[in-house]
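Each chain carries a letter (A, B, C and D) given by its place in the written order, and its residues are counted from 1.
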Amino acid sequence: MLCCEDSRLQVDKGRLKLKNPVISASGTFGYGIELQDIAHPEHYGAITLKGITAKPRAGNPPPRIVEVSGGIINSVGLQNDGIEEFVDKKVLPIKRYKTAIIANINGTTADDYFLITEKLNEHESVDYIEINVSCPNVKEGGVSFGKNPKAVAHIVKGVREKTNLPLILKLTPQVTDIGEIVRAAEDNGIDIISLINTYPAIAININTKKPVLGNIRGGFSGPPVKPMAINLVWETRAATNLPIIGMGGISCWEDAVEFLLAGADAVAVGTWHFIEPDIATKINQGLCNYMDKEQFSSLSEITGYTWRQYND
Amino acid sequence: MNQTSATITAIRDLGAGYFHLEATCPEIAQQALPGHFINVRCESVLLRRPLAVFSVDASTIGIFFKACGKGTSWLAQRRAGEEIDLVGPLGKGLFEENNAKRVILVAGGVGLAPLYFYLQFNKKSPAKKILFYGARNAQTVFFQNELLNLADECYFVTEDGSLGEKGLVNEELRRFYLTEGPKDGDVVMTCGPNAMIKTIISFAEAENIPCQVSLESYMGCGCGVCLSCVIPAADSTQDGESYFRLCTEGPVVDSRRIDKQKFFNMV
Amino acid sequence: MLCCEDSRLQVDKGRLKLKNPVISASGTFGYGIELQDIAHPEHYGAITLKGITAKPRAGNPPPRIVEVSGGIINSVGLQNDGIEEFVDKKVLPIKRYKTAIIANINGTTADDYFLITEKLNEHESVDYIEINVSCPNVKEGGVSFGKNPKAVAHIVKGVREKTNLPLILKLTPQVTDIGEIVRAAEDNGIDIISLINTYPAIAININTKKPVLGNIRGGFSGPPVKPMAINLVWETRAATNLPIIGMGGISCWEDAVEFLLAGADAVAVGTWHFIEPDIATKINQGLCNYMDKEQFSSLSEITGYTWRQYND
Amino acid sequence: MNQTSATITAIRDLGAGYFHLEATCPEIAQQALPGHFINVRCESVLLRRPLAVFSVDASTIGIFFKACGKGTSWLAQRRAGEEIDLVGPLGKGLFEENNAKRVILVAGGVGLAPLYFYLQFNKKSPAKKILFYGARNAQTVFFQNELLNLADECYFVTEDGSLGEKGLVNEELRRFYLTEGPKDGDVVMTCGPNAMIKTIISFAEAENIPCQVSLESYMGCGCGVCLSCVIPAADSTQDGESYFRLCTEGPVVDSRRIDKQKFFNMV
């Protein structure tokens, strides 16, 4: 039996129900099927699809990626074909596989989020909706919503009214007080919290004296962000009992365990897909071995294990 | 597409910072077509580094690269017997010849890699193959004997005139067409520094010769899932911009597909 | 002549006047004299002394440092002997050297800052006062002040009333809108902005299942924070015309140039002192060579060079 | 204190993951005293790694280390002729003997390093030197001949009994004192795993024998400027806590200076 089907790996917390805790982070695994030769969608507890917007978006001018200090900065800018044919063209292909599907929705206005949700709700094709209010790569909306508790409250409330699907809120790390954002979302009916999105960052080429990225600014991700992400998961755990999807810099099963111990109920892998496409299987395998070694009989025992020692 | 740990069977220092490496990976060798590339994990850096397939036989593939930075320098220090982690074959893997009668290949520096594979792969094809290969000097014109035997005609060009004509490869191409004149069924295929590619494209388009060009861009995944590697497209969309993924829709594309102005400003 | 005395390196912007732009970041170079055999204080434009508090502080329980994902997390917690004998014991020894001296002051209450400033002002022994409202390693005060514009306004105003010395405000990167903090400080008489302090971070040992640091949380610094720091300098430059001291992950002269191009008037080196104690000389040398190569006749031409192309 | 690029003159794999490395650095060699350490830059990691000075001659210093992680494993792969970047000598560099008549040295594993240097450095001193050296098995009791000739008495102890007494070094020490009894002018000097140090300290303090112990902690700068390496101190201050820097006030300290309870809970 594949380890990713091991029943001890099941996640069942509030409205987050997954066969295993490893999720593909939005924007780093396309629409789930592209890499099936080397990274099969069914190895994941859930697949988060690339972010969508109401209208098609061309995205930002290249270069869109640069490698810096052990991580990467990207400025893709939500290139996508829009919600119109999203379900037929992007959701149905992945639907054939035994894994949960998360749509990652984005807007330049609150109404965009409501409109996209309506469409997704009609088709009942996805299993979760992840409200992305933390994209640093778009001029209007995006992270500016995620930094403002009132905007978060308004968007979550509106989306909630349009659907009964489990709702995930994706948080930006670039805030003064993450608890304030989490509470605003929880008060308005969010079901699950995911964090972190990327950190706003800039790289300048000292020879051309120009920013490396076509968009000047981008989002920083990869191994270097992990210790900051762990801290934010820790703080989020203190602010809510909702299920938490932890991500940021995960590159091996040990990193996944660290997120779980800090309070995450599941984890997502992003950037590392580019280095080890088959990372999901490796993490699930590592988790099983860890549970054997440390005598944990279920994943939920690992979740928050360390956090509780200092907070209960 | 495969991810595999390939054993290096040979690595040759060709001088001037250029290297030729061969590794055993049957899965990739059997699927690779001219224009395909592989994504190599280099332990000194984070992201994999894309390198064109230079040659294949039954079970091994060859790459031809210049050590220009941290990743390729690490690769250059590998030894036969060591393993390297590869993903491939990647890309569209196709020079669209639409039954060309005469294939004009124009290579600059390491840009020779995909064109060499084209010549090797299409050795028996009826089309006449004429290679223009530009380099800094005689020391950096590699694989001369192999090329003379793979192509029907070879024109070597060096900046210092130490081998073949002195000057730039595009000048040589122009001279060729002045004497020979264009034939229908001509197709230009080119890969090399952007400055060179730019001149070749404008020449070909001016002469109405279909031009297949192998481009480069910074890549994240190399296999279509991250949208990092895009190139500005000639056809624009509602919001006036349009990009296509080089890793899956390229790296070889018809020159007419590129928004030349945006692309060459960008690089 | 030593390159660090090269007149092209002089900084003269507002109240920031240094012989060269390289400063030692507080807490990473002790009291300036300890390393003189291998890193001489006179190679710096200024030396920032370890943070002081009104009363002596023992600091946090060890372990206080851990290396993670290319950087370090520290939780020193402002161990120091207090302001009482600070001038005699800590300032006078370094005063013999030809370099500017920056006192880094900290408080658990606003009054602490005022009291320390009074004492420093009496002696007129330091050249600058850096108000640190961004230490993540103390329970009260510290970064909680730095995250709150009102607290910043109150502290800066009070300190300003006590002294005429040039005042530096040291910012935390963990805020929603850095411009808001900068404006609060500028409106109340700050002279110079320095950033960034460390990012709150946690590392958990998955075998012991305990946080690695005795204090649980610490501050993340070193090479990985650079691209985020560059972005915050860029944003700070947009918010003010005051002189900016940029820091965060600087490990070579190229990094220093990147900070300058983004808008910094001077730079500070912290963590990298532990790896290359003689980094200051190397940066000054690199800057001179860069100015030759790129035909810059003064440092101020480099400052904001890239930023201006997109903001003027 | 010096920062220098030292040429490795010899590196020996002692087996079981232990290594002995010698490098040329006259400045450090001439200043180093027993208890001093050096801070070694290992390219595989960020922070320098602290290693005790194991031996010196006119122009070279020796270190004795176990490859237990990324940094020391990198160091273990160096070859003679290569350069390593060192800062040192660091630390207080002193076992305070206050005119000891009999020096009882208790080493565990790599903890031998500073004690070996003590023996080498004080070969001619009048005090009698008795070494207790504990290890897992015979294969990991290193430098036996050198030690037998440097110390007046040597007691080797192994966990599996494959060499000397079977058991732990503290038991052997206890046995020694049962038969020989304490003498005034005795001083215990110890370095090794914390579990061992703990037992040695409590024994020595119970017997009122001054105990010099070489400790470890995570270090940032290694030279007093970052306050990362602190150890809980026995004397407490106004706010109930007090710490001292191991890198400058140690790594060798009088056991009475340590807040044992806090320290051994911490590690």
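By definition in this document, a contact is a pair of C-beta atoms (placed from the backbone, for glycine too) under 8 Å apart; a residue touches a chain by one contact, two chains touch by 3 or more.
Predicted model, so just to flag it, every value in this text is computed and none were measured.
Undergrad: Rounded to the nearest whole Å, what is the centre-to-centre distance of chain A and chain D, using the mean of the C-alpha atoms as each centre?
TA: Here the centre of chain D sits 48 Å away from the centre of chain A.
Undergrad: Would you kindly tell me how far, in whole Å, the mean C-alpha position of chain D lies from that of chain B?
TA: Taking the mean C-alpha position of each chain, the two centres sit 58 Å apart.
Undergrad: Cα centroid separation between chain A and chain C, in whole Å?
TA: Distance between chain centres: 34 Å.
Undergrad: Give the residues of chain A touching no fewer than two other chains, as numbers and ranges.
TA: 70-71, 223 - these are the residues of chain A that touch more than one other chain.
Undergrad: Testing understanding: with touching defined as stated, what is the shape of the graph linking the protein chains, line, ring, star, complete or other?
TA: Its topology is that of a line.
Undergrad: What are all the chain pairs that meet the touch criterion?
TA: Every pair of chains meeting the touch criterion: A-B, A-C, C-D.
Undergrad: Per the contact definition, I'd like the list of chain A residues that touch chain C in the complex.
TA: These residues of chain A touch chain C: 68-71, 73, 147, 174-177, 199-204, 206, 209-211, 216-217, 220, 223-228, 230-231, 234, 249, 254, 257-258, 261-262, 290, 294, 305-306, 309-310.
Undergrad: Along chain C, where are the residues that touch chain D in the complex?
TA: It is residues 27-30, 34-35, 37-38, 50, 55-59, 61-67, 70-72, 74, 76, 79, 214, 222-223, 271, 273-275, 277-278 of chain C that touch chain D.
Undergrad: Would you tell me which residues of chain B are touching chain A in their complex?
TA: Residue positions touching the partner: 1-3, 41, 45-48, 87, 217-232, 237-243, 262, 266.
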